[in-house]
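Structures incoming, each one as structure tokens.
Okay, so chain A shows up in both of these, paired with chain B first and chain C after.
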Partner chain A sequence: MTKQVSLTINGKQITVPDGTLVVDAAKMAGIDIPVFCHHPKLEPVGMCRMCLVEIGRPMLDRNTGQVVMENGQPKIQFMPKLETACTNRVSEGMVVMTVSDNAKEGQRGTVELLLTSHPLDCPICDKGGECPLQNLTMQFGPGKSRFLYDEKLHLEKQVPLGELIWLDRERCIQCARCIRFQDEIAGEAVLGFDERGRNTQIISLSDPGFDSVFSGNTTDICPVGALTTADFRFGARPWELKAQASICTQCPVGCNTTLNTRREAKAGGEIVVKRVMPRQNEEVNEIWLCDKGRFAYHYTENKKRLTRPLVRKDDKLARASWDAAAKFAAEKFSANKKDFVVLASGRLANEDLFNLKSLADTVGGRAILYSDMGGGGLTRLAGVGAGTNIGAMGAGDAILVVASDLYEEAPIWWCARQTSRRPRRDVDRCQPAPDQTGPLCEVRHPLCLRRRSKNHPRL
Partner chain B sequence: MTHILLRHRDIPDINTLNVYKKNGGFAAFKKAVTKMKPAEVTEVVKNSGLRGRGGAGFPTGMKWAFIDKNNWPHYVVANADESEPGTFKDREIMEGNPFQFLEGVAIASYAIGANAAYVYLRGEFWELAAFLDEKIAEMEEAGYLGEDLFGTDYSLKIYTHLGAGAYICGEETALLESLEGKRGQPRVRPPFPPSYGLYGKPTIVNNVETLTNVPLILANGADWYKSMGTVDSAGVKIFSLSGRVRKPGNYELPFGTTFRQLIYEYGMGIQEGRPVKAIMPAGASSSLIAVDDKVLDTPMDYAAVRTLGADLGSASVIVLDDTVSMDWVVNKTIHFFKHESCGKCTTCREGNYWMRNLTERIHSGKGTGADVDLLLNVAKQMQGKCLCALGEFSTMAVVTGIERFPQDFKQAVRSNS
Partner chain C sequence: MGVNGTSALASACANLLKETNHIGRANNGLVGVWQRANDQGAFEIGFEPEEDLAKALKGKAVYIVGADPAGDDPNLAKALNGARFVAVQDILETATTELADVVFPAQAFTEREGTLVSGERRVQRFYAAVPAKGDSKPDFAITSMVAKQMGVILEGSSPSVVFDIMANSIEAFNDLTYEKLAEVHGQWPIVGRGDLYYGGTTYENTQGLGVQLVPMAQAGGTVRIPKVRKEAALRPKEKELLAVPVNKLYDLGVTVRTAEFLGKRIGGTQVAMHPATAAKLNVEAGQVVKVSFDGVNGEAVVKIDETVATGVALLPRGMGIAIHEPTLAKVK
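Showing the complex of A and B:
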């Protein structure tokens, strides 16, 4: 078990694992430290300067190395400057003040600076209503700007980074979350900074632009309205939307999703899906979703899609009521009895599969699930199957991918594989064909050899 | 006085291998590799009192001793980015006395157990980089670099690397990022380079001038070096003198030389015999010192200059006379910092853009007293909150300019106040 250390944050004593970042320790104590560049899934960079706090540590005697005591208490030596809570890690006896006058002044100063050239176009911004910059400005910022409105820097507001993602350069606060996500999580470092100083700008480094199958995630973690998806931008205000929990059916991962819906006049008063977003589940998709899962729902908008029942009569399809159609189907089912076979795809939800099976049983037919997890017995022993905690992937020594191109077939597992390489871990493949992961694995692979030795790797 | 660093001024052609060798060249390196343990070399440098010449004045021997011995390989990086406005000493060293500098790099490498060293030069020094490459090749040819040096199993290669012309790449962690082929932006410190440096490995970054001192310290001993300069700052320093003086240039003098001596004895005084009004002892990053007789008679070393509310830094002494108004100076420095801010942290990126708007308004006569107050307030609000020292530097001239020369700013905004 990792060592535990005790520290005090705003007078509250807490014990957390050694190595925890001060900002995360505060969260465990129920204290929110404002952040922009910090993201719990990304490596700390300390660049936005929002999380400024006062940090003190017990003073050590130079000669003896012992803690200096004062009135029976360890004497605390505070750092001369404000420190970033997102880069400092806890230590025994640390004292943190997040709401002292000094800290509050530092946080106010950072918000003020961030807003100097910000366009403040919240009324037409997609992020409005769910924007960390809006929220933290309300909580920590000044009520009024001392920066002259006419001196604001104006930049391009409609920049397509690729087909799916648009950038508003005025709104960007240069926190680099998008760049870091692409680099650290997606493993597709296709975004970068161009220029420097106040001219620093996000650009796509790839051709075609923003060439990544995880691009949509950057719009979720962008703490302002700088990155928006091509399909949702200017489409609705967040507070008009209803959230429906769902599961993505595009691949075996089963990412947890939220469907944001609303009724629309354009759709004749029908309920329409306005966007699909990832729903946090640390054992499946964490907080990520691939672009297929996020954007593929648009097939439901196809005009040719069947939304009402049709019944074939004399080789012609004719409109029918739901009742008439159901009755027609029931008659045909019972007429055929034993010859009645249902072929169901693994993409259906468990509830649908259950209903299909019941139906088949009632009429005396057979239901065949036309898909199965590959790998057979081996998968059950060491592989990924129903109920596997993907969040724990990488806790062992190696990851073995058998006969699958994760990037194509289960993109979020590819991502998880990617992050579990941090710090470096072997990722090995037994592959029928070369894929995105690289060349074929050989039988002489060190993993296979090590498997025969005493300290064979955990998978 | 004979020079220790700018030896090419005394010895013609010392930038050729033969002449350098004839004048004792490479003897110190050979002695170190064949007769001394690495720790002994570090000990001599420590005892000499040598402090870093890149700006911070950090004790060099102590830095070398900090190198993490449980993580290998180690690297030495010579900081030849020399981008501080008013600093032009490293260039003269490398052009005039290149072998002494490279020998310093070699000795530092031996002392910390590095088998590869890099010389990181600012992009504009491309010609100098090509010149150093020739010198390095000559050293390899003569057996001073390469495999199994002097019959031991110690090997060393030195490589030059060109930046792309950014002031921030003089900051040691931004330099390392740039050297790794990434965007030149500072890392959060700690960890410091001696534990986490180039490619995440323990690295010593030293300024060119710092390293050029090393061969003679090793040859002549720590006590010899300590006998020059002051108790606080041992040895000699190259002062890059510029501004309104009659004879600007590099002057290699012992620490403790007074401003008066530098400006009047060596710089031949001020143009048109005008009085000195202000001094920036560390280039554009300086606090502005308001000059009086006491200031002129202050000995220049790290501790004494601090008593004047400024840092000696890289000792690029810019002298300003009474024709210069500080609102003009501040507008100039902020123009520089706004241009050079790397943009990584909010404070410096936004703060310098804001300050530039204000200094421009004030200097062009469109500002008011309230703008001056705001400028001072914004600068102070930035202090202590930047990710690296560049942002902190940018506030120095602003704060000290307004606080120490209020008249200049009142004058600049008089028509609107």
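Showing the complex of A and C:
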């Protein structure tokens, strides 16, 4: 059981696992401390200074090392300056004030400073409506700016980092979430800072630009509209979009997605999918998606979509009614029951496959899976146990990847494997509900991921 | 076509896990990195791949659903041209629909609801987000229509009912329902529209976390793993190379090339080989070579890769050259 620590935030006493960051502890207690550069899945850096709060700790006597008491309570010694909640870990008896006048002044000043160089792009910026800078400015910022508009710094505005992600250098607040994500979570450090001071800007270090299959995730965690996807650029306003849960159908990871749709005149009054966003499922894809899942959904809108049943007449395929087509096929199948074969692929849902199998079985035909890979029956016997979470594995565990290139075949598993390699504290896996899968360091868990044929030369 | 080889490999892996006592618990076991999203579901339901698919199709009445064998492999196109009858059900026009006798238009996953099983055996629901295109119907409904005309009654209106019938007949799915799959619980970190400053613009999960199936080993059943049949390794002759298939994330597969958006990332067909192999063939990086085996011909651009064993050439699948398993090939 991890050591628990008690502390007071805004007068509220809470208990959290030892090692929790103050900003995360506050979040668990329902208190929001504003942040820009902090992300619960990234290492803290304290770069943006938005989470400035007053932190006090029990005063210790220099000579005895004992807590100094005052009126029966530990005497709390506040730091003379504001501290960043994102870089401080909780300690026993800590007192945090997030809405005191000092803290508010610090937060207000930080927002004002960030806005001095930020362009007035809200009307044309894709992030408007789901923009942390907008929201936190309304909540914590000053009402007026003391900065002269004409003296704002101008930088390049439409920079394609690769053909999928666009960068607007003026909007960037140098929080480095994108750089740190690529480095820590994606494991491909293809973004970096260039120049210095206010001219600090993001550049792509790879050729072709932004050469990572996880590039779309940076547009999710960017707190401003600096990084936007070419897919959704100038597409729609977030408040116009309806959200519907879905699953990515491109690889066997089964990432949870959200389809954002809108009825629009441009599509002839039809409801269309405007973008694919991740949906949180910590045990599958956490909050990430790979670019294939994020951008390849357009295949459902291709002009070559089949829309009417067709029947071959005089060696040409001609339109037919559903009844006629179904009857024709049924007659032919019934006449060839002994030679009836169903060939289906894993592009289909369970319900589709089950009906097909039921039909094949009832008629006495064969149900063949269109695939080069066998061995599925073994996963029914020796598959991973219920409760498996690859990303939660850590020191002492082993993942044996046999004849498979996870990066190309199941990118989010590659990412999860990356995550499990990072040294982590238990708190990074904590949940509000008490149903964890157990302590990390004591377990020995090999997991065998396999694919492809036996003669792969890389093994 | 690779089925026997991969099955043997799977047996070997499963044996390793069983003998080291690493099955039957969470975070222990075998995971298949399948070629398609719901291959796991297909296996659960009882579909099996076929080693010699061309032979299995010739002269038969074939009902092809969600597959494009004619477009993937000229040998399979030939087999289908020699089939007695071909009905194809798919969402997009393909080489297979071109040669079909009947074509049924199916709905894409964005237009209907259903469930999929991930490689980790997690059953998850997906929901309909946009209306159906044209007259298309969901795959299970089309099968029900055809079946009805054959005197076989299958549920064709409600996917939830199909799922219930399936859960009733397949042991691993016994406790599952659409309601159970839609259950959620609180997750960390807290994300969602109100918390997008904290975790980003990802959406919170309100419509289902899915449920992982329990493998036989965990449920207390006996796990009997088929013996691995050893086969002699392929040895390339004087003018041959061992062509080994590898996968690319962005390939010419029907769900990627028709997306058009990722077109620039697909690139061309590259054949990777060790510098010594290239020297022996008298080719250099960037040169276009002809690859041929088993009635398949194609062109590829040479890429030098020191991590590839000598005598081996790595060929990507899904890029126009129909390679299914390691095979001896001529490269000029």
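Heads up, the rule we're going with is that the second predicted complex is superposed on the first by the 355 of 459 C-alpha atoms of A that agree within 3 Å, B and C clash if a C-alpha of one lies under 4 Å from a C-alpha of the other, contacts with A are read in each partner's own complex, and residues count from 1 in each chain.
Keep in mind that, in the parts below, a contact is a pair of C-beta atoms (placed from the backbone, for glycine too) under 8 Å apart; a residue touches a chain by one contact, two chains touch by 3 or more.
Every value quoted in this text rests on a predicted model; they were computed, and no experiment measured them.
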{"item": "Which superposed partner A:101 touches (first chain B, second chain C, both, neither)", "value": "neither"}
{"item": "Between chain B and chain C, more extensive residue contact with chain A", "value": "C"}
{"item": "Partner chain in contact with A:87 - chain B first, chain C second, else both or neither", "value": "first"}
{"item": "Which of chain B and chain C A:315 touches, first, second, both or neither", "value": "neither"}
{"item": "Which of chain B and chain C A:46 touches, first, second, both or neither", "value": "first"}
{"item": "Touching partner for A:147 - first (chain B), second (chain C), both, neither", "value": "first"}
{"item": "Chain B versus chain C as contact partner of A:207, first or second or both or neither", "value": "neither"}
{"item": "Touch list for chain A against partner chain B, complex", "value": "44-50, 52, 80-82, 84, 87, 106, 109-110, 112-114, 116-117, 146-148, 151, 153, 173-174, 192-193, 195-200"}
{"item": "Residue ranges of chain B in contact with chain A within the complex", "value": "166, 168, 183, 188, 338-347, 349-354, 357, 374, 381-382, 384-387"}
